[in-house]
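Down below is the structure, laid out as structure tokens.
Chain IDs A, B, C and D follow the sequence of writing; residue 1 opens each chain.
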Amino acid sequence: MPLTRGERFIESLRDGRSVWFEGKRLDDVTAHPAFQGTLDTIRKLFDTLDDKQLQERIGFKNEATGVYAHNAFLVPYEREDLIRRRAAFAHWADETNGVMSRLSEFARSLVTGWYAARHEFTPYDPHFADKITRYYEHARDNDSFLTTALLDPQIDRTKSPGEHRNPDSVLRIVGETEEGVIVRGAKMIATAGPYAHDFLVYPYYRLKETESEYAHFLIVPANLPGLHIVCRDSFAKFSGDDYPLSSKYDEMDAVLFFDDVLVPWERVFLKGSTEGVWKLRMNETAGALAFHQTVVRLLSKLEFVTGVSVAVAQSIGADGFQHVQEKLGELIIQTESIKGLLLASELQSSRSEAGIELPDLVPIETARNLGTRYYPRALEILQLIGAGGFMQVPSRLEELSGPLKDLMHTYYAGKQVGADDKVRLFKLAWDLAGSQLGSRHELYERFYAGDPVRTYANQYVNADKSDLERRMRQFRQAHYGKEAESGEPTIGRQQLSFTPQ
Amino acid sequence: MPLTRGERFIESLRDGRSVWFEGKRLDDVTAHPAFQGTLDTIRKLFDTLDDKQLQERIGFKNEATGVYAHNAFLVPYEREDLIRRRAAFAHWADETNGVMSRLSEFARSLVTGWYAARHEFTPYDPHFADKITRYYEHARDNDSFLTTALLDPQIDRTKSPGEHRNPDSVLRIVGETEEGVIVRGAKMIATAGPYAHDFLVYPYYRLKETESEYAHFLIVPANLPGLHIVCRDSFAKFSGDDYPLSSKYDEMDAVLFFDDVLVPWERVFLKGSTEGVWKLRMNETAGALAFHQTVVRLLSKLEFVTGVSVAVAQSIGADGFQHVQEKLGELIIQTESIKGLLLASELQSSRSEAGIELPDLVPIETARNLGTRYYPRALEILQLIGAGGFMQVPSRLEELSGPLKDLMHTYYAGKQVGADDKVRLFKLAWDLAGSQLGSRHELYERFYAGDPVRTYANQYVNADKSDLERRMRQFRQAHYGKEAESGEPTIGRQQLSFTPQ
Amino acid sequence: MPLTRGERFIESLRDGRSVWFEGKRLDDVTAHPAFQGTLDTIRKLFDTLDDKQLQERIGFKNEATGVYAHNAFLVPYEREDLIRRRAAFAHWADETNGVMSRLSEFARSLVTGWYAARHEFTPYDPHFADKITRYYEHARDNDSFLTTALLDPQIDRTKSPGEHRNPDSVLRIVGETEEGVIVRGAKMIATAGPYAHDFLVYPYYRLKETESEYAHFLIVPANLPGLHIVCRDSFAKFSGDDYPLSSKYDEMDAVLFFDDVLVPWERVFLKGSTEGVWKLRMNETAGALAFHQTVVRLLSKLEFVTGVSVAVAQSIGADGFQHVQEKLGELIIQTESIKGLLLASELQSSRSEAGIELPDLVPIETARNLGTRYYPRALEILQLIGAGGFMQVPSRLEELSGPLKDLMHTYYAGKQVGADDKVRLFKLAWDLAGSQLGSRHELYERFYAGDPVRTYANQYVNADKSDLERRMRQFRQAHYGKEAESGEPTIGRQQLSFTPQ
Amino acid sequence: MPLTRGERFIESLRDGRSVWFEGKRLDDVTAHPAFQGTLDTIRKLFDTLDDKQLQERIGFKNEATGVYAHNAFLVPYEREDLIRRRAAFAHWADETNGVMSRLSEFARSLVTGWYAARHEFTPYDPHFADKITRYYEHARDNDSFLTTALLDPQIDRTKSPGEHRNPDSVLRIVGETEEGVIVRGAKMIATAGPYAHDFLVYPYYRLKETESEYAHFLIVPANLPGLHIVCRDSFAKFSGDDYPLSSKYDEMDAVLFFDDVLVPWERVFLKGSTEGVWKLRMNETAGALAFHQTVVRLLSKLEFVTGVSVAVAQSIGADGFQHVQEKLGELIIQTESIKGLLLASELQSSRSEAGIELPDLVPIETARNLGTRYYPRALEILQLIGAGGFMQVPSRLEELSGPLKDLMHTYYAGKQVGADDKVRLFKLAWDLAGSQLGSRHELYERFYAGDPVRTYANQYVNADKSDLERRMRQFRQAHYGKEAESGEPTIGRQQLSFTPQ
């Protein structure tokens, strides 16, 4: 029997890549138990594209080949296309309860966006449009699993790229050959790194003009010689009964070491242009498509935490207390406000110059910024509701059918729910709020969009403030009967004393 | 020259009503300086309905009379009608920067809603439909200024209506005549009471079946004999230069004393039915139309506070500090999330059984609940940005052109803004965040929708939780391979011991 | 060579107890790797009592035997004794950075308190004084490791003890014999349960008079037949390099099942007296001594989190950013306020009727209540500072000396700190803020003192409010020139209408 | 009859000073009604020094003259002296419920401190010690009312003193004569300015060495020619029944304009030394004495807000609700933690090199930083408890005995409290939380200690972190078996590549 699409994905990871984990280089990442739950989850999701019941929802048909590609690769020309993109994102997110944050839809959407807006980059490299077209088609037709690796190692946050004592502290091109460029340095955090096909690599922060040596946009195959994928500790657990999330959804985070890696020219999209890479980073087409996905996923996750919290409260009869209801109400307010913003972003979509239909970025940014505070608060509420109950479960679910089973069923029962369901529920809640996977997700939601101090500040800096200003102008007119003074103030006495005699 | 519509409104308030203020009964509320700024504001807003440029936006034409009525009276049959209602609300709100919370649009919308859904109340009184129709037409055609008076005096919050030592602590009907019912008790808080035409009076909290003596819905004319309108202290200020808001927007709050007031039968809509008044209170048509207005106004106000905060930060060069930008970003996140929810409520509108197009109440409730925390936080941010600057303004704006004017223009100047504008701006900001009017608005936003502990709890209690439950059910199926246990738990050992021998 | 005191402790746990873990009954808890790190920690702490350098600090000499007992057993007659108690608590807490919350000092202090105040319980049982004296001496002289088990299983929080469908839901005495009482039910959460000698068992919440069947105070040996100690999952890790805390400090939490356990009379201190057990629970001598210990430990832990946070910030150069400094300042404010309160509690100590010198409970309660909010916030700050850096460490510390060691030392270096130290530090921080042990401690600090909604409310309810009332009385006298009206209000008109004719 | 001490104070203000208020220069500040309530309060406080019952508590006897001086002038040589200082501060604060923040005790304490530590300033001016001694004795013996004026006008916060377009934006010396220096510029915020005798003037922020032109320390008499005291709007109210605080405690804030003011040499203490003025600003003796006073006052105020909040809750029966109790508990936690810190600062006092007994500054700084968040939260809690009730009071208290008195007493009654007391209480609460005076105090508590972002940061920056570092060092030793690496990191491979060939 031929391999399924998901199986082909697994197979494709045996490509000679250099993955470092628990002190060793793994020969075959797919063979290590720490990765199997997660890879199994991805395998099943990939298979949805060949499922007759689902494929129309998850993907779109390449009329030439008859094969479906994931909707993350769908270039939207109509609002309807945005809805189709959302439907695909929502399905995968719901299947994984928003706990798999990097299923490559985000990075695929970036590529789709740069492809759709490719002509904007011609000023920075005349071959950009051709190269990105070829890459987009390749990725789309091969189910490429992509991820980003944008940040420099966190060595000294007071230094800008050019200021480090050690010039290798920031990724740079140290040489060129006919085949490509030689790259040295490191990049973090490549979530899903050990099982991604390609890494999108470009600077996250704006470079100064003098820092062109760090200005490049590369898409780096994971198995290039000299590229080391260094994993953090695994948070995977092997008992699905006791850790239903950690057993299936531990996305690995990795740091990439580039030990003089030769990246071929076809994967070098920009080079040496600080302006070019900043335009790429801020490109609205790519950003709108990719961030749209993140909000769909966030909503799925917040609804999941809400569902778990409600179920926990009900299982112990706490849902009748007003202060618990208040907290559950807060969770519902969270999900409803994200939902409203998602809807607003889609219904206020607009056409770009290149004819691409883009969701409105303002509600998307708003939702992302709310999310950085909502998610930690949601976990806090879950903790406040379940309280000591999380410590009051047997070490293994199987004990409920063991020697003490009668006692267990008596003492672990809940209000109108049996011990079996209640213990499962509390273990699930702990996996969300207390396991290493859960803690990592709290961190992720706080920071994946960037340092929240900065993202909040950016929402102000980047906002179109003309409406606010108009409002203030009207106020002045209505209340003081005059237009605002022009910007330049009079300076009173001093003005006079400055006058030369 | 005939009176304008606004002037007729003023004129109509000389109707013999009994308004108590500063220890005296006012003969003519329109003549007292404490009310003039506010009444002047309302007069101008009323006149907008006869302004050819605006009347299509603010109202709709009664084809029979050719006269425009305010859109709060517009019964919406299409989504387009909701947008028209919003446009009218937004215009008045923008004109007053959301600081006039009770321009009667809320109460008018309730009446419009009950009228539109009138047949739902036939079970509780066969004359309801006729009476509310006549009242609706009267109010619509006479620009009636309506307000609500729903709460019992705050005497002892641990007591339900029937438990008070003094039976008059809760409004009740103490007698009947051919003309109507005799009412005794008090109601609070009648915002705009001294210059309203009619009070909507019904219980705010659900009554027990045994408390039918307190169950009624009356619409009470303000000038009935025995009805006393007791004002709090005035927060009005008389210098528009120094207090641009307090000089124009002090909505008075009043307590109503019913000293055996005879309310005529045509204004007695429900009587003795605890179920009927609760259906009225919770009526979705009325609620959706009225709460929609409150969100439009909230948005206007939050945008205003944001505009002022941005201007204050800019005027002293604080807008370049990251921690100030972070706070301004938070303000923008506030307004954008309310905007998204407002849009969502309109775009997810649906048709009621009676054929009325209603905005979705869930995003509306969400926005209202967010508002109770957003507004106090917005004022806090404004304080944190302006800081001591609010105390660093001359006592009167006119001093800027007085004997010390040169010094004043030197030392009160800002960054790229003259002393005149800067002092105005800081005085405006203080009026928002520090005047009695400002403090009253903080209180208003926290509480106008009810005790926030309770409104948050209600958002949980009233939520449609089927989606959350479905999500949990799917999780159990996917992860544990089985449906949830049925509700009833097994009880382990004890189950056995219950078995009779 | 004879066993050390710590070794004797380990040895003593092989006593036939029934510990359930990972689906099995453990034959020997000391032999299972999940417990070894923790037991090793305790062993070393026990040995401090025989360390000539430390024993004067940790304990006091039993002049009869020449053997030192832990200061938790020291009955304080002078303020100096309180300081000695604190010194002992602080040493053990500092050794374990406050991360071992139950080293039995808390429960030992309760026993010491009840012993010191034993005559207060004579009304409830004439043998109480004798029994507790014998028990106290036994525990003191045998280094008994004690813990509490106070809460009923969390089955249905809306039910009081007598209301459960299943009468076994709450621990109760189901029979008596000559040797003792037969106990059935469950108790939670017995932290340190698997390696404690004795459990203090009594009701946490106040019982109604009708619930005397649940009113008892027992001290239950861990190895009684029918007593099952059911463990949660282990959070222990085996690599001390990667998880320096989880490898040594995982205190196990357990639920106790009493399957008709015979508790001998000498361990039945109170029985059937709802008033007696409530007096025991609220006993000020026991409470003051025990809660004093909890604050000493809390301070140690907060200082540790602060130390780690400062080190993390310094290691990446983030300590120069004002918003990071602000957060570190907040951590220091936390520790200083707890320190101030601890000092205040000691310096305001007072003598009880029985001649015992007790720390002031008000600052202690204040510190505990602050702690429930401080600790989660401290972890949040640590997360906000370290951010993605926690995901940017190799899976094993040993990799720093592995094949990629040069690259590792380049890219994992910090600002003025080598990769080795930086990776260690970030792994430690993650163990605090992200491991299961870390999450469990967040939960612990929130809840160990009880539901924080309730403990805050209690601080109001139990407060001596006479000062506040005096202040208000003086205000009234000074400002209104008269004493307050007496409590009973006049009722105005209605009073007259009540008068019978 | 001779004038009392308080009357002499009032008399002394008729000294030709130039106070600008409501557009006019006041001839006699004591004659304007806006100042009379406040001056009357101060007059009575001054008289306490001649009250036989109180003078030992408030002051100390000048043995030479037999006259008492205020304890703010007491140089503490023993801990007992600190307690005496606190007793005096507490008495005045309690008399005014902490709502008078500037009764000159703060500024007097600064002067006392600089006097006590006078020899530390000899390096910056050899006459400093003599001058400050003469000034201290003068102020002490004449009941001088002092205040500070430290900040530059808030023109452009991005500019340091030397960067302003207009050189007069920062106070500077523009000339010298035999009598003294000529000063030009402005200073803010001089709280109590219109009725202070002298202003302490020096830079609040650290100057760069190049900015010596702004480096001076002057004590400026209020009635110097060319010195204009420009008031903000008055927040005074004239009805003590309705506004018990605003009618007595409105401390005026003023900006000082120095229109080429000649300050005599005896009042020029430092000049041209950026280091000298920074040492003065940071002087520990002065700081410890002055900030000690601010904490005493803060505590008094927080207790007052707590007392009012408790009384409000009780008056309407809300004190039985758990969520209200939780909030009241939080208020008690606030006051208790400040109390603990105050005690800790005194009991950990230590002797300076000059032999002065100083309270520990760390708990004092901690309390001040807590205060900036506690006070706004306390007002929020008061709002949340009183809610709409604040709007449900008659405009004038006298109405309770007016024509509607029977109805008023019925409907404004509370739970076990008559209408009279309840209305008084709610008016008092509104005066705290809603009046302009109340809003100004919220601002004051947030900012009087400086920008809280900065003061929090400073608590970190200035902290003695050696304990934290020792703790981390011990951890490393205990857990990793070695000392920390020395600061300098190894740099891995790159280190080699730096080696010259």
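Operating definition for what follows: contacts are C-beta pairs under 8 Å (C-beta built on N, C-alpha and C of every residue); 3 or more make two chains touch, one makes a residue touch a chain.
According to UniProt, the chain labels map to these proteins: A, B, C, D = 4-hydroxyphenylacetate 3-hydroxylase.
Just so it is clear, the model here is predicted, and its values are computed rather than measured.
Asks: On the document's contact criterion, could you list the chains that touch chain A and likewise touch chain D?
Replies: Joint contacts, listed by label: B, C.
Asks: Of all the other chains, whose mean CA position lies farthest from chain A?
Replies: It is D whose centre lies farthest from that of chain A.
Asks: Using the average of all C-alpha atoms in each chain as its centre, how far is it in Å between chain B and chain C?
Replies: 48
Asks: Centre to centre, by mean C-alpha position, how many angstrom separate chain A and chain C?
Replies: 40
Asks: Residues touching two or more other chains, restricted to chain D: which are they?
Replies: 166, 168, 322-323, 407-408, 410, 413-414, 453, 491, 494
Asks: Hey, which residues of chain D end up touching chain A in the complex?
Replies: Its residues touching chain A are 165-168, 322-323, 491, 494.
Asks: Using the touch definition from the top, list the residues of chain A that touch chain B in their complex.
Replies: Against chain B, the touching part of chain A is residues 94-95, 97, 240-241, 244, 303-304, 306-308, 310-311, 319, 322-323, 325-333, 336-337, 339-341, 343-345, 347-348, 362-363, 366, 369-370, 405-411, 413-414, 416-422, 424, 428, 453-461, 463, 465, 467-469, 471-472, 474-476, 478-480, 484-485, 487-494, 496.
Asks: Going by the contact rule set out above, which residues of chain C touch chain A in the complex?
Replies: Chain C residues touching chain A: 20-23, 25, 151, 153-159, 166, 168-169, 186, 188-189, 228, 230-234, 242, 253, 255, 257, 259, 316-318, 320-321, 323, 376, 380, 383-384, 387-396, 398-399, 402-404, 407-408, 410-415, 430, 433-436, 438-440, 442-443, 446-447, 451, 453.
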